[in-house]
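Two complexes follow with chain A in common, the first pairing it with chain B and the second with chain C.
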Partner chain A sequence: METFKALFIASLKSQTEYRFNFIMDIILSGLAIFSDFMITLVILSNFKDMAGWNLGEIALIYSIIEGGWGIFRLFGEGLHRFQELTLSGRFDVMLIRPVSTVKQVMLQKFQFRRLGVIGQAVGVGIIGALYADMASPGFFVVYCILIVLSAMLIFSVNLILSAIAFWTIRNEDILVLASYSMRTAAYYPLNIYADFVKIVLTFIVPMATAAYYPMSYLSGKTDSIFALIAPILSLIVFMPLSFWLWKQGEKHYSSTGS
Partner chain B sequence: MSDYIEVKKLCKTYTVYKRKKLRREKRLIEAVKDVNFNVKRGEFLGYIGPNGAGKSTTIKMLTGILTPTSGEASVAGYCPWKHRKAYVRNLGAIFGQKTQLWWDLPVKDSYAVLKAMYKVPDGKFRNQLNYLVERLEITEFYSQPVRQLSLGQRMRAELAASLIHDPEILFLDEPTIGLDVVSKHGVLKFLRELNENGKTIFLTTHDLNDIETLCKEILIINHGKLIYKGTLSDLKKMAGLPRLLKIRLKEDSFRLNEEQKNILDDYSGYYNEENREITLKLFDSQNPAELAKILFQKFHIEDFKIQEPGIEEVVKDIYRN
Partner chain C sequence: MKAFRAGLAISKNSFSRNRIYLLNHIINSVGSFIFGYIAVSIWRALLGDSPETSAMVTYVMVNQAGVWITMFLPYGAFLFQKVNDGTIAFDVLRPCGLIYMTFFEMLGHVFYNFVFRYIPIFCLGFLILGVELPALNHLLPYILSLFFGFVICYFLNYFVGLWALKFLNITGGQAIYYTLMNFFNGCMIPAEYYPGILKQIMPLTPFAGTSYIPTYVYLGKIPFLSAFAIQGFWILILGCLACVLTAKVQKTLQIQGG
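Showing the complex of A and B:
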């Protein structure tokens, strides 16, 4: 916790050195992601709904995934760029510190501009909840919990993908395939996809469990309580798995020549 | 009591794949083969070997970065790769090529983060920091981001970073690489001071003069195998390299006659006509004064000197055999 605090303060100081730059960064990074969503919105507005999901509900799915993604990137920029550490051998240095390497990789740098991503995701979520007529204090509590769980799930998936770099040194391609495309796929209701994609998004890269399943319970499309707790169920499986894989990878780490 | 560092039958094998015509082929590279050695507490050990000899691999295993293929090691009672987190609390390390500071953070913030990581108590941290900042002259760039530092400044900052938690043992991999003469002298002096204050230091470097000025004990590794462990003076004796006698001829008499050539042959010497310089090997059995007498009689000599074999020559000789 001490380490966390020290790094957090240091990161904040170095990034706020140029205040105007800092604020513009946050706004632009939020807008950039938001523009992606706008395109979907424009297309959707011609249909009014998608496979039984109205615009507001889809906005909520998007918002939970994107909010989680924003939180993950705020703290986990280092993990996202893990390949740079294995390629350059800078991971060596983390192994000589008395702190877990996952923590160190995560905390390399806080990316405060991701606050913009989180901001726009929550904005879209609130509008979505109003549009879908779901807004209530109770709902927003659940909504916040879902965003945090989504961030943890995205962290787990990315930890697994990063651990692959211990063996392959590079993991860029698999990261794009499994993290980016699956995240984008999880923006939309799962029932628009073919069975194969449904299975992948539920059991292999379980991004659908973060938003789609709990939302289908909250929007009254299913009565199964399992849908609501789906993110917890997949975390129970994926969190230990990801840490175990990382540990194995650490032993396998072969560094680089000097 | 057992020794501070104990290394037994340490091996590390890498698997590499080589592309052949149809399919790639698996090949094993033995970076470190069956290495054994012991180091006492408080030693200043120089670890040398040519590029690719296995130096860095050994250091990385001893610092817990790499897990060996087989073998054992214990440092201060810990197995580096098994008890990594407990072990590194008492370890400082520098990898000359890789920074351990945070690129975008000012030097002083990096130290604050390290303080938190190693859980250094406030009082101890303040004392240690004051000592290091003053001793390594860090004040002038204390608030600058690391990326703005010159190479010499960065190395001083790195040294301080590796000592902020006052570790007992230091592993230094090329700590003087790229430094100018003045900075280097400062760093070497500081390292000697640390050793005198009781720190065990394990140093690898390409610069054998560093080793000669600092280390009493040396290890030499080549092709993954340890080929020497002992003191520097024993190594020189063991190598038995001759002293060299160098004479420069006067400008008017740089062409050798038959008689002079014969003398050269007798003493297995050679003549560099461009520099007008003759080099003769002086073995222990020979009396330098006798030889000098003959030379002064037969040659017109401008300059005359006897050279002790330096560590460079000794090590070059060892690599060759």
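Showing the complex of A and C:
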């Protein structure tokens, strides 16, 4: 915990050295991601709903996924850019230190400009809850828990995708395929997709369990409690699996670079 | 003629450099196809089984294939990377000029993207999602309009590169580029779905010249001459602006790396 605190403060100090730049980066990063939601907003301004989901409910799904993504990128930038370590061979150094390699990779850098991503996601979520007539103190407690669970789920998916780099060295294109595109697919109600995609988003890259299923329960579209606890069920399966795969990858790792 | 041959040699090198990562790009293209599939699913859910749906499927998938030519170009037209490693120092000394050199470098990159990304994504769209082929008399104007779209996109990316030369940081410039491009290029929504005055403004922006206009030429929904006039106007304006800004930025250029 002491190491975490020290590195957190060091990262914060270095990134806030140029304050104006830092604040602009936060605002512009948030705005760039928000432009994705603006497109949904424009589309839905022409229609009453999307497959039975109104704008407020879709805003909440987006908000939970993006909020989780923002938290992951704030703390997990090192993991997200893991291929830089395998490509340069810098991962070798981490293997000889008496600290978990996952922790070391995670602690490399905190990216504070992602606060803008979290900020816009929470803003969209609050307005979405008001629009969908769901805003209440109880709802917002559940909403905050869902964002944290979403961040954990995104972390475990990304840990699996990073572990692939132990075999393939590069993994950025696999990230586009399995993380970026699946995350974007999870912004929208699952019932607009074909069955195959529904299965992928529920069981293989389970992004839909982070927001779509819990929101189905919270908006009264299903009364199955399993929908509400779907992110917890996913985490029970995926978190140990992701760490196991990482360990296997570590054993397989053969250095690169010069 | 000599300068043109030098430009082609730069393009050829850029093309060959990309070929090293062909397998990665194939994986990436599948990810990109999924983004197109998400857009298609959204429009199918909204429009149902109407004749408009089929045109919209073609519109979003042609745009999705085209983003690798008219949106996702290397950050800051390679300039940011060159500022970081210091090789920009050699580029500004070359007799052919920075704009000319980066243009041909990007042209090689985009030609690679056309062969190994555009065509595979388009074929997947045609085979799986039912994308309609263009009328024969629309094909040549479409290719020309797509090329003009690339030139506009190149200049916009070049400005992001100049931003990096000026501020030694690309985050802000890239975020502004992504936000404006994402919202105004009409990749996912055609102009008629924009609210109020944006409906009239959007087609006239340089951003629409990269995706919306070429795809409307493909579909035969815009007179060719109007399309070329809008794109030609922006190429002229952006080209002049690029010359002026390059001269200004080069005077204050700080070289890093080495």
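The rule we apply is simple: the second predicted complex is superposed on the first by the 257 of 258 C-alpha atoms of A that agree within 3 Å, B and C clash if a C-alpha of one lies under 4 Å from a C-alpha of the other, contacts with A are read in each partner's own complex, and residues count from 1 in each chain.
Here, contacts are C-beta pairs under 8 Å (C-beta built on N, C-alpha and C of every residue); 3 or more make two chains touch, one makes a residue touch a chain.
Quantities reported herein were computed from a predicted structural model and do not represent experimental measurements.
J.: Check the residue A:I96 against both partner chains and state whether it touches chain B (first), chain C (second), both, or neither.
T.: Touch status of A:I96: first partner only.
J.: Considering only touches as defined above, state whether A:E172 meets chain B (first), chain C (second), both or neither.
T.: A:E172: touches chain C, not chain B.
J.: Determine, under the contact definition given at the top, whether A:S35 touches first (chain B), second (chain C), both, or neither.
T.: second
J.: Just checking: does A:F203 make contact with chain B only, chain C only, both, or neither of them? Give me first, second, both or neither.
T.: Neither chain B nor chain C is touched by A:F203.
J.: By the touch definition at the top of the document, which applies to A:R113: first (chain B), second (chain C), both, or neither?
T.: A:R113: touches chain C, not chain B.
J.: Under the stated touch criterion, name the partner, chain B or chain C, that contacts more residues in chain A.
T.: C
J.: Enumerate the contact residues on chain C facing chain A in the complex.
T.: 21, 24-25, 27-28, 30-32, 34-35, 37-38, 41-42, 44-46, 167, 169, 171-172, 174-176, 178-179, 182-183, 188-189, 193-195
J.: Give every residue of chain B touching chain A within the complex, in rising order.
T.: These residues of chain B touch chain A: 14, 52, 56, 60, 63-67, 81, 84-86, 88-89, 91, 93, 95-100, 102, 104-106, 109-110, 112-113, 115-119, 145, 173-174.
J.: Show which residues of chain A lie in contact with chain B when the two form their complex.
T.: So the residues of chain A in touch with chain B come to 2-3, 5-7, 9-11, 13-14, 88-90, 92-93, 95-100, 108-109, 251-255, 257-258.
J.: Show me the residue ranges of chain A that touch chain C in the complex, using the header's touch definition.
T.: 21, 24-25, 28-29, 31-32, 34-36, 38-39, 42-43, 45-47, 50-51, 113, 170, 172-174, 176-178, 180-182, 184-185, 188-189, 191-194, 197
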